[in-house]
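I've put the structures underneath this note.
Presented sequentially are two complexes of chain A, the first with chain B as partner and the second with chain C.
Let's turn to the complex of A and B:
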């Protein structure tokens, strides 16, 4: 496979895709084909030129291996990554070109203008640049440059405290999705056909077998991260909404209740980690003592890989619940009372009113809180985990950000940690884009 | 908010209550709501109550599961003071104030430039700032660490905790929104009076924007106070460490194995500033609620 061939194929695919997209939105398809061809031709180069197409002669990283009729078919992880990177590059450029053309097509210019009609200061020359300079310099030095640094490091063998680096192509990424071969898991994809079995299994020992990517340690961190985030977001929102509904009932002292309910939010993730470390300590913790009082044998909370993640979920839910309550109580005040009363008169029961009026009216708050809680469970959770379980037992509570810390700082492998950072960055970008789309489109009911 | 609950409670219940015996009057209306709320408060509050109780206990009292305050508060306090807790607290206060102050000031200046000046590529610059919302520093921590500790040689310094966090896309966005909502006649009048942009900012805009400024500063203070991963990586000596990271050493630094009293006392002390801020902020939140309700 040569870079030229890849570029040509990508340009062709880009041209076809964008021509179809343009035809659908009543724009000239020829223009689309031209823009798509340009995007397709440039797209692969975004990632491939910096690494000089090194990944086309890859080292041996078995992503998976099919053994069909004694013929091993090895799918190389580096090649898989190469195609993913090319696809991302082409897709991003196609999207960008499509949006830019659409913008020009509809409004006549590429970028929306931010100018105020009146009241601008005139004749101050470089003044605006001086005002912007501190912000721009800090962002350039401490956000953009580290991002570039991370990108460079991710293709290098770099050790913490060692100034010299060596290029390793996409190996840092490949090790994230491939495990050590000696303890690879095998998955039998399909049963042997009966006629083959009749000829004797010795002839065909292992057909249709998959050497799994599942034994890569990083995949465990990814699934731990998803597990923790899912349950933290679920519990924090379900219980947050339920308690908010209760505290919104017209009872005496509702305001005092609300104040008492909200304030655990003022505590940091670190403090909740420390406090729950005390509560759930398997030997000295009060939870096991209380269980003992009612005759339940103690649980090895923080020492059992199947239980420790639930303690983390519990501690994190406790930590963010106050924040969610605050916003749900605010949101409930936005639900129009007359609408609820009208529905009640029309015979809707409590649950119908809740599902058809309260939940839709709360949807901006629900989406906002889901994304805020996701940020918490991806990043702030580091402080909680570090003080509650230190990622253990046997990595059971090591999530993505904790893995970056362990790999980069404790194990001093900066290159692989940088590769992990980029994966997490992609996840964050995906979530942010999803947030803007959802908040912009679905959840606009006005006030 | 209080008026809302009172009006919705008062009218029907007051009439009902007149006809009831004194026993029924003592039994609160909608007792199940009270029960649910009290159970929630107990569950949410217990970890904190227990932490406060343990912070006054010796290890022996902790392991006796004594649910009332013990007599070791002074001993625990002495121990956490021996372990530099005031140094950690001072560092945290300085760093959080520095971060909050720098973010607010830099965002004000950038907001002023974007709203009140015409210059080429303004949209691009604004986009350049906003894009960083998608690049949290925690994700770029490896590149940031290598740059700040290696290239700049700022390892183990205060400026490493403040300067990298000094800019805020959220702040710029917030102030741009706020300034565009202010009438343009004000800046025209200020220019007629011969004010320069900096005078206009501090004499006109800032006094009009105290709500936005204080909200942003409080959020940024809390974010600075709660930062953990970055100081844990970049700060190596105890004398420069912040409280969130220092807490951990209260446990491992004890001479006689794990002592929970000082650890919990440390957690309580570390939570005092954010709780003060939270109490100050609560009024704002409540007024924010009534604003959304009035719409």
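Let's turn to the complex of A and C:
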């Protein structure tokens, strides 16, 4: 495979795709083919030129084993990534060209025109830029420059404290899939052998799995991250709403009670990590001690890989609950009383009123809280995990952000940590976009 | 509004004042890992030194652990606000050498008899310490806080369990793994939910491998040439992992669930959860005093070894102080003079007394003996005995390789997996070894 061949094939595919798209929307297909060919020719270069097509060189290739229906296949992870990057580049340009042409075709202008009169800044032309400068400088210096550095770093073998670096092409990304030693195995609808680290490995027979993997630590972190995030978001919102509803009842002293409920949010994730460590500590923990007093044997809270993630979920839920309560209580106050009363007169019961009036009225809050809780559980959870479990036992609570810390700071492997950061960024962007698409439409912001 | 000009002048004065003071003052920033009574000692020594040299400011700063300190130094280095002196643990030695950030102490002394009045003689540093830190024929960093892992025993509990005749019966303390297991059987039979604990930290694993006279890396433990292979699958290493796993499976070893948990293990002894712990001799002062306060006698013994293999010796652990390269000559001399003062005969002896770190000079040991210190405080003698009776071999001199720090984490993780998830020690260590070798190969690629 050569860069020229790739470009030609991509141009051909782009031409075909856009020609078809144009034909469907009653635009000239020939024009579509031309634009598609240009997009297809430029698309691959977006990612491939900065890395100088290095991913095509055999010495940069790394492999993993894919076992589908018990048939093992050796997959070249770098070529798979290359294909994905080229596809993304072409797809993005096709989309851009298509939208631009559509806009011109319909309105005659590339940019949408506004009916409103244009606002103008009177005075010195550079003035607006000068006023924007503080923000722009901070953004450039502390956001874009490090982000750009991360991009460079992610294609290098770089170790913290070692001045020299070596180019490794897409290896840092590919080895997230293949494992640094390229020994990862993925099983789809296949028999999976017991892991060497599994208890009593010798006696266990092969197990049939839908999807499974071995020796792919990054996949473990990814699944842990999704697991923790899902349950933190779920519990923090369900319990947050239930407690808000309960504390919103007109009871004497409810205001004081509500204020007290919000307190946990005042503690940082780090502090709640320390607090919960002292509660669940297997040696001097207060919970096991209390259980012992009433004759219940202690639970190995932080020592059992199947239990520890739930302790993290519990601690994190407790930590963000106050924040959610604050918003739900505020939200409940905004639910119009007359609507509820009207529904009650029409014969709707408590649950019907809750489901058809309260929930829709709260939807902007729910939507906002899911998003902020998700951000918390992907990023801010670090402080809690570091103080509660340090990612253990046996990596059972190592999520993506903690993995970045372990890789970059503890193992001093900056290149792989940079690659992980970028992947985490993409995952979070992906989740956000998905959320806006799936949930955003159902949100009712009222009149 | 009328006060504004006045405020402005005041602010200006505050801003300018330190500038004028700085021009004559030399500041030596000293990063170290202690934040308890040992930090108070460091501050006291710094104050004494400042009283003798009014133009020198010593600024000690405390960090949570060696790992944290070295990471912070690395980051500070990139920002250009790193300290003049940094305490780096023994496993960071090769890394520190390879960075080129530090100047050898011997090169900085440059044959001078004294620096700012502080004698430069390092010839009576005890042999096990010297054998670890003398690289290329001279001290590259200043030895200071050297310790060894030892066993601490709650004698009252042992007497109660019939494992010792009196609280002074130190001869009854287990010397080997086998004796320890026998004692643990008794402890568990008495209804305790654990017998012994130590931090799940690579240090203990390394010590037991060295006790069996086995090296951790090739090329004479990295001392005859740059190490290129890590050896975690030697018989000695598998022996250690198997024994540790067995101790856990039998319920003898109490795991706190946190890696590198120095505090939790000490707490286990203080909370009467276990009669034995292994930890650094650097805790002798704190642990003995804390026990005395609650009316319990804690006595120390050497780190148990595998009686079926025998004992070659133990290694030291702890930190030395590295001198940042590229300092102005007067700053470098001020830093050196402070170091020489901090480890002179009297201060090395006093450092031992307040902590339990080894008295690192022969002259300090002589001074302590003269004062009858060891007779009055027998717990403090064990670590010195253990180290000074060790046979110095490549194995007991300690390994040198650039990825020692992350490799330790791999060993720690392997041990945690063996305990909490189970598995075959040989297979799990083989995995860790392969990971460690990849790390070392990548590190060497960037450092050759």
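Annotations for the structure displayed:
Operating definition for what follows: the second predicted complex is superposed on the first by the 313 of 447 C-alpha atoms of A that agree within 3 Å, B and C clash if a C-alpha of one lies under 4 Å from a C-alpha of the other, contacts with A are read in each partner's own complex, and residues count from 1 in each chain.
As a convention for this text, a residue touches a chain if its C-beta (ideal position, glycine included) is under 8 Å from a C-beta of that chain, and two chains touch if they have at least 3 such contacts.
Predicted model, so just to flag it, every value in this text is computed and none were measured.
In the superposition on chain A, contact is made by A:410 with chain C only, not with chain B. When the shared chain is aligned, no partner comes close enough to touch A:316: not chain B, not chain C. In the superposed pair of complexes, A:393 makes contact with chain C only, with no contact to chain B.
When the two complexes are overlaid on their common chain A, residue A:54 makes contact with neither chain B nor chain C.
Of the two partner chains placed around the shared chain by superposition, neither chain B nor chain C is touched by A:85.
Shared-chain residue A:159: touches chain C; no touch with chain B. Counting residues of chain A touched by each partner, chain B versus chain C, the larger count belongs to B. Residue contacts after overlaying the shared chain place A:284 against chain B and chain C alike. Using the contact criterion defined above for the overlaid structures, shared-chain residue A:304 touches chain C, although it does not reach chain B. Residues common to the contacts of chain A with chain B and with chain C across the two structures: 163, 284, 409.
Residue ranges of chain A in contact with chain C, taken from their complex: 157-166, 180-181, 196-202, 277, 281-284, 300, 302-305, 389-390, 392-395, 406, 409-413. Residues 67, 70-71, 74, 77, 95, 98-100, 254-259, 264, 267-268, 271, 273, 405-406, 409, 413, 416-417, 420-424, 427-428, 431, 434-435, 438-439, 442-443, 445-447 of chain C touch chain A in their complex.
On chain A, the positions that touch chain B within their shared complex are 111-122, 124, 127-129, 131-132, 134-136, 138-139, 141-151, 153, 163, 243, 246-247, 249-252, 254-255, 257, 259-272, 274-276, 278-279, 284, 286, 289, 318, 321-322, 326, 329-330, 333-334, 375, 379-380, 382-383, 386-387, 401, 404-405, 408-409, 414, 417-418, 421, 424-425, 428-429, 432, 447. If you check the complex, the residues on chain B that touch chain A are 1-2, 4-5, 8-9, 28-30, 33-34, 36-37, 40-41, 44-45, 47-48, 50-51, 54, 62-63, 65, 106-107, 109-110, 112-119, 122-129, 132-148, 150, 163-167, 169, 172, 180, 184-188, 191, 196-197, 200, 225-226, 228-229, 232-233, 244-245, 247-248, 251, 258, 260, 263-264, 266-267, 270-271, 274-275, 277-278, 282, 285, 288-289, 292-293, 295.
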